[in-house]
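After this come two complexes, each holding chain A, first together with chain B and then together with chain C.
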Partner chain A sequence: MNDPQYGWWLPPDVSVHGADIDFMINAIHWFMLALFIFWGGFIVYCLIRFRARPGHVAIYRDIEAKWNRWLEIGVAVAETVVLVVFAMPVWAKIKDDLPLAPEQDAMVVRVVAEQFKWLFHYPGRDGTFGKTGPEFYADDNPAGLDFDDEAGWDDITVRGFHFPVDRPVIARLTAKDVIHSFKIPVMRITQDVVPGMEITIWFQAKETGRFQVGCAQLCGLGHYEMKANLVIESKEDFQKWLDEEHEALGLDE
Partner chain B sequence: MDKRLFLVLASLALVFPLSSGADDGKPWDPAVGTATITGSVKFTGKKPRSRPIDMAGADEKCAEAHGGKRLKPDTVILNDNGTLRNVFVWVKSGVEGWSFPMPEGDAMLDQKGCMYSPHVQGMRKGQSLSIKTSDPTAHNVHGYAKVNRPFNRSQPAGAANVTIKMKRDEASPPMKVKCDIHPWMNAYVAVVEHPYFSVTGDDGSFKLENLPPGTYTIEAWHEKYEVMEQTVTIGDKETKTVEFAYPKS
Partner chain C sequence: MSESHAKLGFLRSYVFSTDHKVIGIQYGITALLFLFFGLCLMMMMRWQLAYPGEAIPIIGGLLGETLVDDGAMLPSFYNSLGAMHGTIMVFMGIVPLAVGAFGNYIVPLQIGAPDMAFPRLNMASYQAFVIGGLVMLSSFFLPGGAASSGWTSYAPLSVTATTGQTFWLIGMIFLIASSLLGAINFIVTIIHLRAEGLTFFRLPFFIWSQLVTAFLLLLAFPPLQVAAIFQLMDRLADTSFFMPTGLVSGGDPVAAVGGGSPLLWQHLFWFLAHPEVYVLILPGMGIVAEVIANNSRKPLWGYRPMVYSLLFLGFMSFCVWAHHMYMTGMGTTMSTFFQITTMIISIPSVIILTCLVISLWGASIRFPVPMLFALAFLPMFGIGGLTGLPLGLAAPDAHFHDTYYVIGHFHYVVAPGTIFAMFAGIYHWYPKVTGRQMNVPLGKLHFWLSFVFMNGIFMPMMFEGMAGVSRRLFDPTVYEIGAAVHGLTTMSSWSAWLLALSQIPFIINFFMSMRKKERAEENPWQATTLEWATSTPPPHGNFVEPPVVYSGPYEYSVPGASSDFSPQFIKQES
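After this line comes the complex of A and B, so read on.
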């Protein structure tokens, strides 16, 4: 597996919503840098200005200056603005504003996390997911499909993640064993995956490319190996891949 | 001898006898091992469905070893003659009291093309299990032993064999071995005190040779189906056939 080298700053952003997240990450980091420089300088100034020397004693009393209180209120307001104006709307868009309308033509994929790999489950040619349940998980059935359900027999269950560009993707995330976290750095997506729950998230890519899915929650000794190849491709290439995967199922034999 | 010391030693001798029974039976006498039990494991049910494994999405190096061909899980493998492969058949009871010579060398488990080979095997108690990697990618062998000590070892490409000494019997059920990096990889290793075990191959047959005459409980184990048992009494220089049929109806 080729591990992409992302360099020193943020990895490339190929998602539609990613610019908002990058703005927030950048704004917070520059803000922190400004705070660090100011307070760092202030500490150095105080160390010199108020150093211990004969004839000077410490005063154990609060600062009485008014501007100090206004500064505290200002910091609280700035933090609230970052949270309410920037963070919450992005979160609400990804979490609650699901592209469920038929004209939005979202692709639905089920994602199963296990120690220590991802599994991606597509509904197959009939467009219907087969019945799944934790009671069906087995060595020869990692997706937990009910093998007696014909709707599931053409489902595609693979270890690499493919999805088309310029089309919303709804991911239904679930875990088999412990808490994992579904992370696609280039899609600016990070979402905890919890056993016994199905957590839904959506995203849309604006560029094609080959990237990687990772796990962002320490999930055991093999956590570092919990990754999957990610291929974001054109509509035609994605359809071609789906056809190949369908062929690989050997249903026509 | 002091009377009290004698009492202490005598009670210790009762609690911890010097010879610990089964482990130190009388040395094996090849002259008595004349009987043979053979048979096969039929599969009478409907062929279970299975779906191909996608190795490439997780690790291209695994997929390259198979030239792009998708493998099916090795959980249930049916042979052309209607028999079931990878059933572990062994003498569960009836051979106590002997001390059998140990085989030379280790039991081998190979990781090739991100699959374990063999998928099911038996080995002797006290023997070592040597786990080899033939793959250009990293593996992590995780032995889910319940009686022996469990192990979990990382094995990068080209690493030396991982060798584990199996000190206790663990055959019912056998120990499961998994790869933490490639979840489709799993194998089973049964650890037996005596040499009377066999794994059904591509003809579904098994053979337990050089048994002393006696009455034995034969157990058949498969990873997906229930354990089965049969009792056989066998005389000197006799060969008897035992048939198993899966799944249990």
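After this line comes the complex of A and C, so read on.
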């Protein structure tokens, strides 16, 4: 069962935005390690050099230390740099730059979370989602589609998540019952899904592969099982999969 | 002090006592029992994590069939254990130990007061704590078990959960009331009952930490009190404070009017729970400062900057709560604000830690057991603080949020951080309370084993979180990532069980030392602060003569003095 692609450090990153996050994580950890070694070394040195022993007397007078000021200023400067140069722009890019322009050719998908399943809702060939609402939820209609709305007749609802590589994906997340959290470690995505709200996120993959979507927010007894298969595939394979799902709907006959 | 000489019955002396020392001991014993209970819950969880689906050894057969199936844990029981471990450790273990026990026992002694300002309020605070604790414990026997929605109790999950959640909320209302009564009492006591000559800048750092902690409790807990009552109304009276419109559960509409907001609960909860983090750590820092000053035999380096940092830390702790909520769909404006405040709040922590470390320079360091724990606190709290850095920034948090990295981070702050500070305090003040010294070899054994296994538990969690394993999973191996790093999980579990065994020397030491014939010296650590100005253990009313303070708290190794410590309460010949 051991999967060689996962280990003791960051999992593989197949997202476009993940490189910035990984750079920050790695840089911050080097910074932390340097501080820890410096402080730890200083403590150990003091414990040995200034251990109590006959004839050794502590210095009452405040020692004149200037370097600690510099250390504290250094920490503050490092944090400011991380914050202003990396954290804010990276996060703004991830959150705010929704690829809405037509030439960016973003794919839109609805993600519906419920205890303890994920549902992925594609708009179908017409590119338009059918009308949905909580009053339409039923066992055979988990997306809550209004069947009076023709736009929804060709919609595809599936339990596994497929999306194409190298194409922006806009996901609109809703939850039916409690708070869930949409987590894909290899895509560096965590997004809480809050009932009563629709939250829009976007991402883009740079590599294909088969991974897992998980739930990262405690959502009840089956929380640990709330996962879905994730298939990131080439545009052709994705189109082929979509066509197969359309055929399964039986609309072409 | 005339009534202090009246003979009181057993109940008035030991059960319904208004003496701060008795209440402090009551708090201490109760909190240690709760900590041990919380540790037991955690050990059961660690079994399920290391050996998912296998029958729990020894106790598996004793548990009811609503909890286990053929001795193997059920997910509902696991969720209860998780929620109750967090609740018990934070609200019934650490806070009562750090504030209720150390605060009550030490604060009046260290400021030269005969008792707390409001002794009956003090007793009421302990009683509310016991009632809240009993309500929490009794919830394990309810149908459906104890609360199972995490110690954070996020709505709507918590609102629709089993009756255990109602007990959790009622228990919390009592525990919060207890803390509020205590907080008022500490603030008034510290401000009004200081001995003659004990100006604010002659206060030991421990007193400062208790004062700031009391303000945090006083200002942060009421919002949670309100939120708990709201949630109780949502559960019992069908209100919809936290319930949005259109909820569907298992295909059926939820009978809630709707219009509420699940995020409102999170804001109210974290508005308490972030200051609460500082409630957990500040008294620990105070104890460590006392122990380090005493055993380095020199004044604390940078006492004033430490006090200013503490005050600033207390203020800023109210401005960072939403960094727990970066992944809730918060916009960039909000997250920018909270990222900035989070980076700012790290600076005073760095200053306090740096001052404590520099205090070692030029010292004459002794290594009794309390000092070992205090010294270990520094790097352990350091790891906890440093790992907060990537979590405080939204972009790295997109990977770390709700993973084991978070668990490792806050446990490094609270477990080898605060709990080590608590142990330092217990070993340091045990002679004050009992008049006996604790056994040193047993103490050293306890320290070294605890030090090794604490790291054995929490360091693997850092790497699991780095790999991307989510927390609160009944069986993390259902995920490919969880299965890939399962060895780390097993290592954590074995370390946890060994850590529990490592507490045996402490428990033996704690009880056996009380029965020793040999009495401790009146001032066994050659300390300078006021709690050593009276006899050991102190009499009812604490001081026969009200003490007078002549100098600062840490006058160690004063040049020209006759010994290497010059107590605050003795006028020095110039």
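Assume the second predicted complex is superposed on the first by the 230 of 253 C-alpha atoms of A that agree within 3 Å, B and C clash if a C-alpha of one lies under 4 Å from a C-alpha of the other, contacts with A are read in each partner's own complex, and residues count from 1 in each chain.
The rule we apply is simple: contacts are C-beta pairs under 8 Å (C-beta built on N, C-alpha and C of every residue); 3 or more make two chains touch, one makes a residue touch a chain.
Note that the structure is a prediction, hence the values are computed from the model and not measured.
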| item | value |
| --- | --- |
| When chain B and chain C are modelled together on chain A, clash or fit | fit |
| Chain B versus chain C as contact partner of A:140, first or second or both or neither | first |
| Partner chain(s) touched by A:221 [first = chain B, second = chain C, both, neither] | both |
| Chain B versus chain C as contact partner of A:46, first or second or both or neither | second |
| Partner chain(s) touched by A:250 [first = chain B, second = chain C, both, neither] | first |
| Touching partner for A:160 - first (chain B), second (chain C), both, neither | first |
| Residue contacts with chain A in the superposition, chain B compared against chain C | C |
| Which of chain B and chain C A:115 touches, first, second, both or neither | both |
| Contacts of A:29 with chain B and chain C, given as first, second, both or neither | second |
| Chain B versus chain C as contact partner of A:229, first or second or both or neither | first |
| Minimum C-alpha spacing, chains overlaid - chain B and chain C, in Å | 6 |
| Chain C-contacting residues of chain A that also contact chain B | 1, 114-115, 138-139, 220-222, 225 |
| In the complex, chain A residues that touch chain C | 1-3, 5-11, 20-21, 24-25, 28-29, 31-32, 35-36, 39-40, 42-43, 46-47, 50-53, 56-60, 62-63, 65, 68, 71-72, 75-76, 79-80, 82-83, 86-88, 90-92, 94-96, 114-115, 133-135, 137-139, 176-179, 181, 183, 185-186, 188-192, 194-197, 199, 211-212, 214-225, 227 |
| Chain A-touching residues of chain C, taken from the complex the two chains share | 75-76, 79, 82, 149-150, 154, 156-157, 160, 244-251, 253-254, 258, 260-263, 296-299, 301, 327-329, 331-332, 335-336, 339-340, 343, 346-347, 350-351, 353-354, 357-358, 360-367, 375, 378-379, 382-383, 386-387, 389-390, 393-399, 401-403, 463, 466-468, 470-481, 483-485, 488, 556-559, 564 |
| Residues of chain B that touch chain A when the two form their complex | 48-52, 54-61, 70, 73, 75-76, 138, 140, 152, 180-184, 186, 223-224 |
| Contact set on chain A toward chain B in their complex | 1, 114-118, 120, 138-142, 145, 147, 153, 157-161, 220-222, 225, 228-229, 245, 248-250 |
